[in-house]
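Residue numbering begins at 1 within each chain, and the chains themselves are lettered A, B, C and D in the order written.
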Amino acid sequence: MEKVKVGILGATGSVGQRFVELLENHPFFEVAALCASEKSVGKAYGDLMKSRWKISSDIPSYAKPMVVTSPEPKETPGLQIVFSGLDASIAGEVETAYAEAGVMVISNSKNHRMVDNVPILSAEVNPEHLAVLDAQLTKGKIITNSNCTIMGVTIALKPLFDQFGIESLMIFSMQAISGAGYPGVPSMDILGNVVPFIGGEEPKAESEPQKCLGHVQDGKIVSADFKMSAHCNRVPVFDGHTVCISVKLKKKASKEEIISLWRNFQAEPQKLSLPSAPPKPIIYREEDDRPQPRLDLYEGKGMGVVVGRLREDPILDWKFVVLSHNTVRGAAGAAVLNAELLYKKGYLRSK
Amino acid sequence: MEKVKVGILGATGSVGQRFVELLENHPFFEVAALCASEKSVGKAYGDLMKSRWKISSDIPSYAKPMVVTSPEPKETPGLQIVFSGLDASIAGEVETAYAEAGVMVISNSKNHRMVDNVPILSAEVNPEHLAVLDAQLTKGKIITNSNCTIMGVTIALKPLFDQFGIESLMIFSMQAISGAGYPGVPSMDILGNVVPFIGGEEPKAESEPQKCLGHVQDGKIVSADFKMSAHCNRVPVFDGHTVCISVKLKKKASKEEIISLWRNFQAEPQKLSLPSAPPKPIIYREEDDRPQPRLDLYEGKGMGVVVGRLREDPILDWKFVVLSHNTVRGAAGAAVLNAELLYKKGYLRSK
Amino acid sequence: MEKVKVGILGATGSVGQRFVELLENHPFFEVAALCASEKSVGKAYGDLMKSRWKISSDIPSYAKPMVVTSPEPKETPGLQIVFSGLDASIAGEVETAYAEAGVMVISNSKNHRMVDNVPILSAEVNPEHLAVLDAQLTKGKIITNSNCTIMGVTIALKPLFDQFGIESLMIFSMQAISGAGYPGVPSMDILGNVVPFIGGEEPKAESEPQKCLGHVQDGKIVSADFKMSAHCNRVPVFDGHTVCISVKLKKKASKEEIISLWRNFQAEPQKLSLPSAPPKPIIYREEDDRPQPRLDLYEGKGMGVVVGRLREDPILDWKFVVLSHNTVRGAAGAAVLNAELLYKKGYLRSK
Amino acid sequence: MEKVKVGILGATGSVGQRFVELLENHPFFEVAALCASEKSVGKAYGDLMKSRWKISSDIPSYAKPMVVTSPEPKETPGLQIVFSGLDASIAGEVETAYAEAGVMVISNSKNHRMVDNVPILSAEVNPEHLAVLDAQLTKGKIITNSNCTIMGVTIALKPLFDQFGIESLMIFSMQAISGAGYPGVPSMDILGNVVPFIGGEEPKAESEPQKCLGHVQDGKIVSADFKMSAHCNRVPVFDGHTVCISVKLKKKASKEEIISLWRNFQAEPQKLSLPSAPPKPIIYREEDDRPQPRLDLYEGKGMGVVVGRLREDPILDWKFVVLSHNTVRGAAGAAVLNAELLYKKGYLRSK
């Protein structure tokens, strides 16, 4: 069976590199275009990236000879999907152009996230949000990822939200430097230091979870109505966002019920055996001092969300800690999983 | 005028080293005894500490020739004060022995903190708690410091508590490795990592602030009645605990009022011009990304508490960030300031 | 075909954990005993290691139910090989006891390294050193690894030594914290710091390379006769020793010859297709700023030695940089490779 | 007595900030101009630097209200000295313009360093090199600092060079991130990593020491003739370059002689009691594991060079470790000390 031809927009950036890595030998998809800005166009990806490849494994051999092209539909014919790791300054326009050209856009950028007929799709959390795609007027459709911190948080909350409802949610993040891309955070700012601020992060963190956990009504996504507060911090960790959470539920829950819900959580990607789906989306660890980025980051090949330290909260109801890999589960890996879901659900057949 | 003779218990440990440093050339106090465990007794402090001194300045010259003694009252005659940086495993007994021998004990250990006639003294926050000392039956009295994280937090909260009252308080800490002493945290556990757990820390963090901000009644300290929740984390920072705080106040406050209270806060140590008192106990910074350990740790020679990022909290009322130096303001420096307060208030004259 | 039964001595330590990981599903070997000190004996490895497992992947499932035994031959019958990650304080005696009991001992400890009929075996460098085993009087034999820094260095030097000879060798190491085991280096000593000293390291670094590159004569290993100088430093890197090298060769070499020798280097493990052998033992990278631990550590699954920056040295002849994974290529992985070599060469058949 | 009016070129950069800090309340100098690039001109330094000030103390109050000007002689009348922390891309031209306008230029940039009538001045090493200034044709003169790594190295070598002569010198550096300025090294490149390469550093490191230790002949500086090899590495340390050194001397020396020379070393700045001169330019520590950036960086207020681990080298004669503060002793502090030397020696009187 022929594979679906896909392109990577922003292929030289941090998220783009992860796409190049994760799509190597993919059973459904074949990378047919690597797109980047004008100054990279025309160069072989392998040469271009020699000193810019920041993942601790070599550049996949399929990508090395590929010649970088411009992120324009007419320059990249034949694609059914583009994965976008574009900078927000240009993502809006470029992604819209691809959607108009009939290409399915799977985006990591924030530009279209809060549009009410664009899903912030998380394959384990809200596959039913795909229903709003019909309301998008373009021939191709745009699907977004949430912010990298929020992805793991909403997966951990999903079974609690379904069973008990959420009244209010407070999150405190300790986010890895890779979340800021490359060159990103200067070492003089973060070595042996923490920075209790990440530009633009808290507004996203305080609005995206409600949309992710919302429901579809009249072709639009209606956000869930819980209150949220976020404290976002940068810490000297390479990969892996650790989030402390306090939550007030609508119904009474016991510790055993919550842990059991997490441990038994299975969703659409697991039921469909999607290639990138981790066998267990949520792993609960009982040790006092877990999860930790050092030890738990690669659960489920970076697609598992690791939870620990569930205990009662004296103000809200419960508190716990959530860790997820910000550039895999929180970005490129989640996008690939979303594309796999679309593939299996038949959203790509029309081509 | 003759100086008051003081001893340092646990003089070889992390907090003990800070005492040795901070008491050099002190206008009121003269270090007359350095006490440590049996295997150090009889050795010159300078020789003993050659490879164990972990502060980035040399061992003070007064301390180098001093011979280490055992932490027993009969071995250290003539002291009016002992500063204790003892391990909790022995602090209870040793400190009690000194109090019974008529020595004023200024302790960093947790052992006596929650006894209702032992103040958790913070010179800027609750000097009136000294009134309970009379209720201690020993000839000498025991005065404690709060936990190193709580010290900065309660100073930042003090003016808000007095003006508006506190209904509930949620804190998320990112604590430095020096808080665990030496050898303390293994580098394999914390380099490029965060650990969302510190043994025994959260129970202290959830009970000491209420006692610090409590009032004296019938010779006992009655804790304030607000609810508290703490998430305590270890991060790869050398010195300086950064705490994100969300707080619900009893009365309505404006942003301007709060900042003005912080900026104008002056307390007993400032009024008495105590030698270790910072000119401003609280420094509010307006930049988005402050406070940070790297940049703000040594405000007021490590005795200033730096606050930033005041903004509305969608769940509780306000959120902000507090930074303080955990081994200076949060431990040895606060203890020295407490001793200076006792000196100026006449608590040492009896000798 | 039945697998060879092996035991791991010091199974709870840093190197021991790597053995447990690397021997999972091994084609030749089956772990039949996990040995550790008295206080661990009788406990299931999985329970015991819950909070002590420091590798970023879970404890292999085969090991979890295994009950830890004492490192004594009579407690661990039926073993043909023991892999030793024991502390030097006890390794000498325990390893000798196993050799006397007829077990092949593959050791990471320094105790027997400099005995002239005990090879410091490096499968790519000196497989012919196995000839001295006959001179060991015990029924089982003892084979050692070199120091973790020296392993990668000697592999990189091997083709140059064979072709051009070595006159003198100067090495400057920047060694990872995992080389000191756990708890090992206190974080207060190394976070944001470098320590230009590692206890006992330089004497080993200045004598083992000559023995590794030596030859067998009359049943003994005669060390090569070049002069060596080592500067050993600890740096805040988790895994991966980076070594800057300056070398004077006996014969004139060109840059092209040297790089070509590295790139084409193949040795016994590659010829025998040993399971742990990397396809290329030496990888030469042409970028100015490589090798780096972050990017190059897992070449050949941690068994590749990555070399870069070859340039003329104004004092000696050439200088370059060598990186190897200290707990894989420099310890457990090298030991497993040595055992595979013994297996294929027929040294284990006697049993 | 009126102070000498000085300007700081590149006042917003890393070295520029150190100048602003070190020149606060200087007994000889008064900062009369802060110069920076066009986009900063006309703004108050305090406002401009609010989020760019990277030193862990506040912006000096004298500098806050100063309005930034353009680095052009006509815009900054009345200056006798300019301290230049300019980027090499513009330093050459701007510094020459100031020299032509009659201003003494004290530069940290590399542009004029290797000109034979421009001294690489190090006040403790080669004050006699000032004799070549007469050979500069401009009315003002240009004086440079060496590279930040070389400064500490040449001070440590100076007494050995004078007493025994140097035959060959091998250095291996572990350099702090602040040496690359701000934003400088991306955190993704250095956190938990080392990079065995610093662009352009080794050629400077292999030629400047010989010039620093050279002699004046016919109005020119003639470099010393020893051979040098440098391996330069970047490590995750904030401030402080640590250098391992192996050296071959021309005459035989004993360990005691060398240590005694270091401990007794006094030079022109000490004899003249220059304000920035450390009491001891070289501090030798006997502990095995020193010097370390964490513990030894601020010896002599950052102007002391700390040396340790002297031992015999099996290839060259001696090896040891040198630490110096790269932005103080290795840059701004050394420049200020040079200016103080000029002042005391009468080089500024002409104005």
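Here, a residue touches a chain if its C-beta (ideal position, glycine included) is under 8 Å from a C-beta of that chain, and two chains touch if they have at least 3 such contacts.
Here the structure is a predicted model, which is why all the values come from computation and not from measurement.
Among the other chains, C has the CA centre that is most remote from the centre of chain B. Ranking B-C and A-B by contacting C-beta pairs places A-B first.
In this assembly, the C-alpha centroid of chain B lies 47 Å from the C-alpha centroid of chain C.
The centroid of the Cα atoms in chain B and the matching centroid in chain D are 40 Å apart. Distance from the chain A centre to the chain B centre is 42 Å, each centre being the mean of its Cα atoms. In chain D, the residues touching two or more other chains are 54, 189, 191-192, 236, 238, 288-289, 294.
Residue ranges of chain C in contact with chain A, taken from their complex: 50-51, 53-54, 56-58, 191-192, 238, 287-289, 294-299.
Remark: chain D residues 168-170, 172, 174, 189, 192-197, 199, 206, 227-229, 231, 233, 235-238, 242, 244, 246, 288-294, 308-309, 313-316, 319, 321 touch chain C in the complex. Chain D contributes residues 54, 177-178, 182-192, 236, 238 to its touches with chain A in the complex.
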